[in-house]
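Just so it is clear, A, B, C, D, E and F label the chains in written order, and each chain counts residues from 1 on its own.
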Amino acid sequence: MLEAVGLAAVRGDRRLFTGLAFSLAAGELLYVHGPNGSGKTTLLRMLCGLVLPEAGEVRWEGHSIRKLGEDYRRELLYLGHAAALKDELTALENLRVASALQGRPVSERQALEALDALGLEDCADLPVQVLSQGQKRRVALARLYLTPVRIWILDEPFTALDKKAVAGLEQTLANHLRGGGLVVLTTHQEVMLTAAVAKTIAMGSWGD
Amino acid sequence: MWAALRSMVMRDLTLAVRRVADVLTTLFFFVIVVSLFPLGVGPEMETLRVIAPGVVWVAAILASMLALGRLFGNDYSDGTLEQILLAPQPLSLLVAAKVLAHWLVTGLPLVLMAPLLGLQFGLEGEALWTLWWTLLLGTPAISLIGAVGAALTLGLRGGSVLVSLLVLPLYIPVLIFGAGAVEAQVSGLGATAHLSLLGAIAVLALCFAPLAAAAALRISLD
Amino acid sequence: MSTTGINWFKYSSPATFYPLAGRMIPWFAGLAAVATVAGLYLGFFVAPPDYQQGDAYRIMFIHVPAAWMSMFIYVVMAGYAALGLIFNTRLSAMMASALAPTGALFTFLALWTGALWGKPMWGTWWVWDARLTSELILLFLYIGYMSLEAAIDDPRRASRASGLLAIVGVVNVPIIYYSVEWWNTLHQGASISFDKAPTMADSMLAALLVMTFACWMYAIAVVLARVRCIILERERHSEWVLEVLEEERR
Amino acid sequence: MSWSEFWAMGGYGAYVWGSYGVALLLMLMEVWRVRQRRRTILHRLGRIQRRSGRRVEHEA
Amino acid sequence: MWAALRSMVMRDLTLAVRRVADVLTTLFFFVIVVSLFPLGVGPEMETLRVIAPGVVWVAAILASMLALGRLFGNDYSDGTLEQILLAPQPLSLLVAAKVLAHWLVTGLPLVLMAPLLGLQFGLEGEALWTLWWTLLLGTPAISLIGAVGAALTLGLRGGSVLVSLLVLPLYIPVLIFGAGAVEAQVSGLGATAHLSLLGAIAVLALCFAPLAAAAALRISLD
Amino acid sequence: MLEAVGLAAVRGDRRLFTGLAFSLAAGELLYVHGPNGSGKTTLLRMLCGLVLPEAGEVRWEGHSIRKLGEDYRRELLYLGHAAALKDELTALENLRVASALQGRPVSERQALEALDALGLEDCADLPVQVLSQGQKRRVALARLYLTPVRIWILDEPFTALDKKAVAGLEQTLANHLRGGGLVVLTTHQEVMLTAAVAKTIAMGSWGD
């Protein structure tokens, strides 16, 4: 169970939110929405432990994530605004390096399968530089098929994806939830998933 | 864990091979700066021999300082650094792995090139050998210390100039012992004292710089 | 109408040059091999030892051609770059970038062989003499040219940018040369100067000329081979490349 | 003149052969690099050709 | 047209005032590099006096080279440079205006600071004065030549190191005459020849560098 | 009259378009649309003379714009993806500098009026840094009210604008067209203007 208790964020002059709280059990999805600049990305990075809360704390299974440290990070997969890909490496190399960093090296075959699942079979050996925006995004998303972690924190994963890929990703998210995973998601796009299952947080209403 | 560290080093080395121009530019910057001095100071071999260790060392420091921007910069701007922070390994070890790769790519070539430049300045035999040793011990320390500065200035405007302000004062001991060793050798005092001090600095840097750089990275990404 | 004419010109000239170069390469390579063997024979077996330098002077037969080539190639490269920039012809830009590595190679060789010659003759590997210094700077100019070209991903933009650099550089070469000469001679007598072989035997001169010829042939062959690669790389989307490849495969 | 004398070059052997050796080596390396480059680009072109061929079939 | 040029210069100066840290870093870099040398070379005044002009000049070149990144860099990344290219004025004049502003902000402080550093190296009287004059004539040439390199490397990966590779060879004549003038003065030959050559280089650079830089900008923005 | 004749663009490996042609008379609007990466920005920059066409040319009143040079640029206003604002200068200063560069210096009063027209009266003296994304965009757009040039080339001018500002901008464009101006426009958003008046070019269909 992922819990936020009385979270507050201040960036520069602005107080983005205060007293933000929620709890998310296994199999639940949290949909964070709100206008640009309302603090969605800040919240997600706070949940990962990248941003230090001004007040409050984030807890995983009842323990503060700052105490848990590596043990929490081992359960976590975060995909941010930036795709975290190296332009000079091929899609395949990027995927394998990312997995090894995550502490779970994968074989070439496994990585290829994940790329296949996203329709990237032709691009596996191309440097990411020459891929289109949407293809880049998919390479980043391929990690979802590789690392069996419980918490997925996804910042606008649907951007730059075409219709078919959006549907596929929604399917993947649903499967993950059915398997007892947790998902925290932000998106500006209206997708079916967010309409149905979701617990939501509307940003821009927590500030003062 | 070793797998993660090894793949970190290998990744950075692979990237360096793909961007070989980056690697070469550091090396050539070093060569060019060293070659500028005779042009500024004049061609008398006597003077040149005296200033050679200082010049080579100052050039090595400037060259590796300029390369610092690339140590975390690319990973920062494409989001990989966030992922590195989120990896379930001790961040300081990952930083150490990155610094190792960076040194192999920017420091080691300087070390290998230095004897050639020393020859151009009329250094020979023992003196050249001492210069080589000081660089071999000193450049890792420089990369390690520089990593802290690079991590602190990540994403700041004018970061590249700021980083030099931060790290140059820290480089001064390395510079003094590095250039001093050669002079001590030439003047017959022997360079062991200087070399062991340099070694001590390198070991200290190896122990503490990754920790400091890791902390700085967490701050910069907040 | 006129636009299609320009198009035709622009696309076809690498297309016609590519097979032509392919046919010329073996000839130049063969000439280079023959001339090298002949030059080395003349240089090592016919030419007598120098009365002052002994056999060390034989380095000359590679050093002097390399030094000459390094300078000629730079000027030729800048010329092609200028043509490419002014008339926007693709082939000249490609020629310029094909010349650079070979020019850098010869520059390095001139430095290397000069250093190896200097040690026995002057007792030092290097002096900050005008000619030596400006040769070193020439190497830097070549390297800068190649680095800039390598750093730009788009080949068209890369060749325009590096072409501009080559032109700026060629303007600077004489300035550098004279400034270095001045710098060096203004306030000290040349402590060490070039001893030209006082009377160059005919056989020495012959060996030198033949080796120079060999270097020319080698350079032309290599540059043509490289420009063929560059043509293929840059034109790989045009129809004629695929056609030519089909033909070559047959 | 014996071969050993020839290789000794009157005591300057290391310098003379160092010059010619490196020259030869670098030139061979250059030739090799150019060949390599040609092989790479031909390889890539082959792929492009096969792909475009496939596309044509597809459309037909 | 003059209005456009004046507003260009004024804008860049205003920006420099608002970002005063940028300006200071160049100056401090200069001071630090010069001060590193006594540490590297050793404290003998005799040696220091001999190498002083060379060191000051090399440091000035390195410092203004590092500042080159900011000459067009900020305007490039925020899109202003596109607007400058689209302005209905000759681009080379606009470039010249920008270089002028850049020199006022980065070159002039070095010139003003140099005598102080010369004193530290034991230069005096005539020598100091000559050093000052060479810098006054030479630094504009350096900014102008540097503009070409900066324009060529705009937006490239590792641009800051690349730019040094490109422009350092072009700086060599300036360096030679700049540092040589002081030595000539000290050795009693008089520095007029050197100074007039420096002046000639500066005038040449003023005539051609803006044109070349303008052409380079058009290429870089394509 | 603005004409494009047989334009072709190649970027890196990709041939973005070939043989693209159109002509645009006074009072006409050209709406360029197409998926991401299809070459819209490239086309617009080519029309400005910033990008050299691989083949073909752009003509203004029958003359090649490369020949016209400054005379063409005097008629032209281009707003690209980037706002071309200096973070450290105030909105007012930014506007005046931009106008001076364009060769038509404006008085403080004129600049203030233009800012007023866009609802920026409160922000005129704030450094652009602290303005929101939409406000920044408006400062850039304020140039439309200041410089009486005929050709407007606008790359996604509607991004980050709120509903009211979008309507205002559409009105401005319509007025400009009525006054005999030319507009070339790209946008991913569906706006009324593009539905009604426009000549359109669909990118992604000109390549091979």
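Heads up, the rule we're going with is that contacts are C-beta pairs under 8 Å (C-beta built on N, C-alpha and C of every residue); 3 or more make two chains touch, one makes a residue touch a chain.
Quantities reported herein were computed from a predicted structural model and do not represent experimental measurements.
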| item | value |
| --- | --- |
| Furthest chain, CA centroid comparison against chain C | A |
| Interface with the most contact pairs, given as the two chains involved | B-E |
| Chain B and chain E, separation of their C-alpha mean positions in angstrom | 26 |
| Centroid spacing, where centroids are CA-atom means, of chain B and chain C in whole angstrom | 34 |
| Chain centre separation in whole Å, for chain D relative to chain C (CA means) | 17 |
| Chain centre separation in whole Å, for chain E relative to chain D (CA means) | 42 |
| Two or more partner chains touched - positions in chain D | none |
| Shared-contact residues (touching 2 or more other chains) in chain C | 140, 143, 147, 151, 153, 180, 183, 187, 237 |
| Sequence positions of chain F contacting 2 or more other chains | 12-13 |
| Complex contact set, residues of chain E against chain C | 148, 152-153, 156-159, 162, 165-166, 168-170, 172-173, 176-177, 180, 183-184, 187, 189, 193, 197, 201, 208, 212, 215-216, 219-220, 222 |
| Touching residues (chain side chain B, partner chain A) in the complex | 1, 3-4, 7-8, 11, 14-15, 18-19, 74, 77-80, 82-90, 94, 221-222 |
| Sites on chain D touched by chain C in the complex | 6, 9-12, 15-16, 18-20, 22-23, 26-27, 30-31, 34-35, 37-38, 41-42, 44-46, 48-49, 52 |
| Chain F residues within the chain C interface of the complex | 5-6, 10-13, 15, 54-57 |
| Sites on chain C touched by chain B in the complex | 124-129, 133, 136, 140, 143, 147, 150-151, 180, 183-184, 187-188 |
